[in-house]
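To keep things simple, chains are lettered A, B, C and D as they appear, and every chain counts its residues starting from 1.
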Amino acid sequence: MSNPENLKIGLEIHLQLKGEKLFCRCSTELSEEVRGSVWRKLRTVSGEMGITDRAAVYEGERNRNFRYEITPNSCLVELDEEPPGRLNPRAMETALLVSLGLHSRIADAIQVMRKIVIDGSNTSGFQRTALISSGGFIESGSGRIGISSVCLEEDSARKVQDGPDSILYSLDRLGMPLLEIATDPDIKTPESAAEVARDIGFLAKEISMLRRGADSIRQDVNMSIGYGRVEIKGVSKISQILEVVRYEIARQIAIGKAVATLKSRIEGEYPPVSSRSLGNLRAISKSKKLADAQNSGMEIRGGKLPGLKGLLRSGDMRLGREIAEVLRAFGIGGMIHSDELPGYGLEQEDLQELSGFFACGADDAFFIIAMPKDRSRSPDGVITDRIRKMASLDLSETRGPTDAGETYFLRPLPGRERMYPETDLPIVVPDPAVIRKLGERTPVGMAKFVSNFANTNNISSQDASTIADKDLITEFGLLKDAAGDARLAVRILLQTIPEMSRKSRRQIDVQTVGELLTLGRNNGWPKYALENAVMVLFNTGRPPEEIAKMEDVKPITGEELRKTIDQLRKDGKVSGNNLIFVLRKSTSRPFDPSEAMSLVANLN
Amino acid sequence: MSNPENLKIGLEIHLQLKGEKLFCRCSTELSEEVRGSVWRKLRTVSGEMGITDRAAVYEGERNRNFRYEITPNSCLVELDEEPPGRLNPRAMETALLVSLGLHSRIADAIQVMRKIVIDGSNTSGFQRTALISSGGFIESGSGRIGISSVCLEEDSARKVQDGPDSILYSLDRLGMPLLEIATDPDIKTPESAAEVARDIGFLAKEISMLRRGADSIRQDVNMSIGYGRVEIKGVSKISQILEVVRYEIARQIAIGKAVATLKSRIEGEYPPVSSRSLGNLRAISKSKKLADAQNSGMEIRGGKLPGLKGLLRSGDMRLGREIAEVLRAFGIGGMIHSDELPGYGLEQEDLQELSGFFACGADDAFFIIAMPKDRSRSPDGVITDRIRKMASLDLSETRGPTDAGETYFLRPLPGRERMYPETDLPIVVPDPAVIRKLGERTPVGMAKFVSNFANTNNISSQDASTIADKDLITEFGLLKDAAGDARLAVRILLQTIPEMSRKSRRQIDVQTVGELLTLGRNNGWPKYALENAVMVLFNTGRPPEEIAKMEDVKPITGEELRKTIDQLRKDGKVSGNNLIFVLRKSTSRPFDPSEAMSLVANLN
Amino acid sequence: MTRSPEVGDRISVMYHDGEIQGIFLTEDQDFLFLKLDSGYNTGISKKRIEATKVLQGKKEEIENNEKVVVDRGKGISVLSTGGTISSRVDYATGGVKPSRKMDSLYSEEMSKVHDISVHFKVVSSILSENMSPDLWVSVAGEVRNALDRDKGVVVFHGTDTMSYTASAIAFMLEEQTGTVVFTGAQRSPDRPSSDSYVNIEGSIKFASIQSGEVGICMHSGLSDDSVNLLRAVRSRKMHSSRRDAFKSMEYPEIGLISSGKQVYFRQERKASERNVVRNRLEPAVGLIFFNPTLSPEDVDQFAENRKCIVIMGTGLGHVAQRLIPTLREIIRGGTRVVMSTQCISGIVDMNVYSTGRDLLDAGVLHFGNILPEVAYVKAMYVLANYPDDEFEIRMAENMRGEILGRNHEVGNLE
Amino acid sequence: MTRSPEVGDRISVMYHDGEIQGIFLTEDQDFLFLKLDSGYNTGISKKRIEATKVLQGKKEEIENNEKVVVDRGKGISVLSTGGTISSRVDYATGGVKPSRKMDSLYSEEMSKVHDISVHFKVVSSILSENMSPDLWVSVAGEVRNALDRDKGVVVFHGTDTMSYTASAIAFMLEEQTGTVVFTGAQRSPDRPSSDSYVNIEGSIKFASIQSGEVGICMHSGLSDDSVNLLRAVRSRKMHSSRRDAFKSMEYPEIGLISSGKQVYFRQERKASERNVVRNRLEPAVGLIFFNPTLSPEDVDQFAENRKCIVIMGTGLGHVAQRLIPTLREIIRGGTRVVMSTQCISGIVDMNVYSTGRDLLDAGVLHFGNILPEVAYVKAMYVLANYPDDEFEIRMAENMRGEILGRNHEVGNLE
């Protein structure tokens, strides 16, 4: 499928920064420990302009309770029990550097804002966010892409458990510094979107301030093909960007087709859907799914969907799914509709009985749902609103990605009114002198960085690119300093360590490897001995200072090597070109094979 | 046995006062609830004069820990966590009144003292006590007995559980006001001691401030027959005074006899006792008692007791018991001595083996004990000291009473150095004007009180004496006011209530009975109806206001009674003198039999 | 439009290399602040601005000013004095300020209390650090009027000095027909997480229980599931920011509401038949904190023109010996000196140490375990409403539960 | 004997209807006090006395003045400054007074510490309410000398101002080779139940662990089974009489000894190689408690001749608006004004409310969650030992653990 011509894609890249949190001194490192929990309610409140935000009202209507697990890296600030502390200066510096790298105009005065988010993912009911810079561009493989803004935000609480009436969050992630880089909707293809995401992410990698681990990079994808803006939140892998954009294009085109048919059947506004209880219908008891739901105290309701026959699920017509998604968001799972019947234990005759019951005409469909009896709100409005929205072909909303690369309804798009100033913090005025100084460290972008990096260290562009892409720049520097050799560092970093961790099933951090290399180098070991020592490190798991003292890791060279070979020869063990093999069997200490070979040659 | 001529007895009468505690506002009422506990150490400290008290040192050597149960009627004051509050004015008033009644000279300025008591019965390590008055006398049946002092003290903590290394106390009793009245050693007979105790106790009863319940009255008996002063602590019943004094006389005379024999056998200072381990002796394993102790990890030790054969236990010679008592106080229970053998599974041959082992001569005895292995201190010194004390015939010490009316060793007599000022409280200066005013309410003593009481209320001296003796003066007053008749009140108080509580197994307080009587009297019921209502109260257990409305308790009189009798006669049920019987069967309502009889007479 | 920009206008700001559009919010001497279309506020350095243009006039703010009265007859009066609980964002300073315009801030909470009428009245709108004895007197009058009309009263108040005001009301209300509940917020109500909502709901419930208590109702813990009622004269703000900042010192909470249900309400102080207010306070009372450099001159100056000073001494009620002659002079001059303890918990007892006895000898007074701030408020009340020679006896009297008789519930044993 | 009675004489007092014999203890203008043979003290009204006679001269007091030194080489220094822990009964006033004569008061405790020498020195004998900055300086010198000689130091101190002194020592000791432990008693050592014995034993144990801490060791609960070590600059006396009065505010205890065994000791501040003392303090620093009647004149007078005043404000650090102009003037005049909170716990943050911003604008400083009393002591230290223009930066620096970085351990969740 080719991409629609009017496809517009914009990205919001979110990058977690490491170190301390944005407004307190808690660490961004996680631990398993949980120190108790508290529970909270959130209430919809009027925004700055007196207008309550759509998305906020939507969440407020859901009326859920939130429980928060307290972790060692959370304090009274995350608990919303103390005003935020001053903005993390390291995070600010990173944001300024990235802004410089994106040619983005840094604000003269920065006001931290509160962005209302009442899905519970922030204990305060808002996310703190600050506009650091606006405008700018990045040169990507697909050309120059405009940057609309660079913001510094608090990350949200991590969802641990979801329930219809309450959600459990962990406070461990809440408050981590999140760099948000938004592009203009200049991107024309899904492939290009993935490329731009990768390029932007790299700018932060250059500064070596990126936190690693799950969730540390997330993208929001904004896109439109003319049916309004859809925002796909939280795409964690770059490859997934491709998938979700492709899926969304197909979805919207299909909706377009279905709506065309619907409009040919029903003129003007879509009529209100009206459901009724199906408690006594014979057909219900025939479906195990429905009967089970009824027995567990749910109410079975259903209603006619005028003009939707064949559009709910048939070929690429999938309006049924659109309706089911919003119902699920309201806590009503599992809609059955007539396009799926026969099925779910219901046979043709049941389909006819139900059609009759709902007085369906030839083009009409119907739906059946199970809902908790105590729900005061009828689902009819939700369904009617959803169909009317589809019919209007303004498909704008917030959607989420699935692991399969599809998308699903999350909530309406938030409005502009959701933000007001964080009153607990003073205005931040970046010092122009400081910015000038930071200019010297402006990130240069992937292509330039890799070529500089390769040249400076005298390593291949291929290796440089891999190191940069895998965000191993710091590690490389560390190993290079320890080993005293860039190529050995590359080898140990990209080959020895990954291979040995796989084999030994031991995770040993680069710091420790570096310590061992330093000890070895201080002992005057040659490269092959250093690499050998790293292998012993993984194989034994002993501390570096112990390994450095082990007899087995000391290289065997010169006179000692000559004597060993001589002895082997005298014992008649060395014959022709089995020298290296025999030597390896006779000593576990490392040696230089070429040195051994030349010694043999000299002895001969 | 006649009383020794040189018998001197002095009493210390301790009377708990009701209301609030002496130095805080906690109640003297008890409850079952325990609100946690704390544990404490106490340390021997130098007294006011720089000399540490003997009794205190003795307790200190025992090195025990103390745990205290916190009760609803204890606070930071009992816990020794807050300075004492001001001295309870009601308790002070009572002490002043009693002093007046005893013609005792009230101190011009009263200094609350701390009396060191480190057996743990006071969390502070001392008991607060104040000398209210000194001198005075009481006229008892045996003549005028001198009063040496009237003091106001804190009661001690109540022992809940005793152990060798720790003691559990309850704080419920600690701090209750305790009136201590000490007589001179003027009393010449045990009978007279009991009488004086009763007379003194009555002075407080007159003021109606005595607390009731277990422990509320305790006497210490000081006595001497020339062998030093023995103080018998905590004799709770007056009848027990007689018993313990008689026992103690017998004990001391017996010791005197035994010591005479001992002195004839051993001249000069008694030699030090020296014990040794008996672990391997065959005889030990033959005694189940000793073998069991050994198996449970105890060490079996024994030693020779020169010259004590036949004096340990034989006829009225009981020195063995004297030794065993001090050992028990040191945590070593169950001494076996040669006067008890054969016995405890040991036969004549074992006795001989042991005698041989200890190298006993003809007059020598021996002892065997089991003691915990970790005891650092040898028992030899304790035993030697005890025998030397007996031999000196200075038997002065503190002893306790048993339920059987005997006495046992508690601790050495405390010395004078045990007191120093309670520095947390100011001096109390009784106001002479207040004392003059109190003079109008001076208690007059039992005999005078009873005769006044009988006259004022127009009741028999016998009843007045019973009411006074049983401490029912307040209750009598209450019932008299309620019933409007003193004799009816006496009858209900001394007959109806005790009888009905026994029959109905219901405890109903006098307050409630009074309420019912008041209700009945307001209804104009005659006496027999009031008494009947009290019986119904006990039989039904219903509240007074309900009983007052019951049909059954309303008296049947006059015209109504006449009609009832008339009807019974018409029915041929009344014949001659069965009237009362028949009437009682026909109605459960009360009536006046004499009224019924006279009605019948009139009808006839 | 060519007029100069006013707050609320949509404007365009031109500078040498670009233009920014947004709603004009505020300016200070260096910056002009705009709200951008993205919702972000940003500041533009005035030095860089070449021109500004008004694009569109100010939008009228959407008024939503319904009166918060749910009338079902005799009910609860809610009196708002100000504080965070009745605050709105102040766009000028970026701070939060109490407002007289309560809008529909709490209509939801009011309507949740289904079975009772709620009568709302704004009596002042100040931050509680600006509260003063004359304002306490006027609050007392409002409370009395409200009690005459309604079953109980809820008072919205800033948390900073809430214990002072609530204690003053407790003393001035000599008799009361219903419960008076002070409540506030540690998080302002513009936040979805504000504690005010749960506090208000709980306060109305407590106020509808008839009693003779004046209490403070706030969160009892960090969760939004329970609020408690503390006796005003035993309460104190013990944390600057936590929602469970208020603690009842050495005295159990009076009532507890958990998960929306009343767990208990200890009926110790009963309601009266009528409402009696002694609405006079003597403001010439001061509170001073002893510390190692406090000098005789400090104390002397502080006592000047005051009828009573309350000292927060150390431990059981001590100050340095060097201050004692001055205190003696001050007392001779007719100023009462009352000792309290900066330990906050525990009794003042000046008989234990020689310093204490010297202070007693100098005429310094002490009243058991009354809290320092409460002693200070009570002195204002006693001086204004009782004959001068009754000062000591009235102060020693346990009027509203402020002096713990059986003090010292043992509490935490660890 | 016919001489007039002296304290300690056995005398006979005659009056019209009797005679009393006893040891003459003391007299005041109205009464003469005797100790009777029964041990009781009693007072006799002088008006009633007709004659007195000395029966026997004063008994010499039994001296038991062995020097409390258990010498096994380098060990622990015990410095006694006074306070209840080193007090004896004062028969004159009936009170308790610190003594220079320690007798064998604590010989048993000292000897229980089997494996370490204990060197005892009396450096002063005052009640701690009389402690002052000049005495802190001399204690600092004694502590430094003791650390040069021994492994660790225990300081006996009155509990009333122990946190102030211990904080001052913590600041003045820039480097230290061993642990310094302050300890005291809430019950005087004349009582068998005195907490001093257990506190001393625990303090010596803590002092023998090498660290860079200056701490306070007292009971951790009401039982005699455990004592803890609290960081001096986070500790506060929170109860006037309980033996567990000292609490570490929003910071965990450093060490715990329970049932005689060390349960833990968190090694956060390590020992240095040498001892460095900056033994200067600026005494012209004051601490003032804001309350609703505090007037601009009060503040103005208090600030006079002071280089710095620390205000205990309300909540997040507020005072009434009426005081702000005065504070601005004071600051213009060169006096530093530091804000702290009378809530004691929680942070000072003056950005949240408009009052706070106005205070910041006036030049009032604030330093997170440092305790008010500790801010006051630290200001004395900083003013005396650093250049004037470093005041703000030094005060903001976390020097001895007094400012909690990751503050606010969540603590009690209820």
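Quick note on the criterion: contacts are C-beta pairs under 8 Å (C-beta built on N, C-alpha and C of every residue); 3 or more make two chains touch, one makes a residue touch a chain.
All values reported here derive from a predicted model rather than from experimental measurement.
In terms of the stated touch criterion, the partners common to chain A and chain D are C, listed by label. Averaging C-alpha coordinates per chain places the centre of chain B 46 Å away from that of chain D. Rounded to whole angstrom, the centroid-to-centroid distance between chain A and chain B, based on C-alpha atoms, equals 80 Å. A straight line joining the Cα centres of chain C and chain D is 33 Å long.
In terms of their C-alpha centroids, the spacing between chain B and chain C amounts to 56 Å. The set of chain C residues touching two or more other chains comprises 90, 94-96, 221-223, 241-242, 316, 346-347, 349, 352, 410, 413. Within chain B, the positions touching two or more other chains are listed as 38, 76, 79, 81-83, 423, 426.
If the chains shown are joined wherever they touch, the resulting network has some other arrangement, not a path, ring, star or complete graph.
Taken together, the chain D residues at the contact with chain B in this complex read 18, 30-31, 33, 35-45, 48, 59, 61-64, 89-91, 94-96, 103, 108, 186-194, 197-198, 221-225, 241-243.
Partner chain C is touched in their complex by these residues of chain A: 38-46, 48-51, 56, 76, 79-83, 105, 107-111, 113-116, 118, 123-126, 129-131, 134-135, 148-149, 151, 416-421, 423, 426-427, 429.
Of all the residues in chain C, the ones that touch chain D in their complex are 84, 90, 93-97, 127-133, 158-161, 164, 220-223, 237-242, 244-245, 283-294, 298, 301-302, 312-322, 341-349, 352-357, 373, 376, 410, 412-414.
Residue ranges on chain D touching chain A, taken from their complex, read 316, 346-347, 349, 351-352, 405-410, 413.
Chain A meets chain D in the complex at residues 24-26, 35-36, 38, 70, 74-77, 79, 81-83, 423-426.
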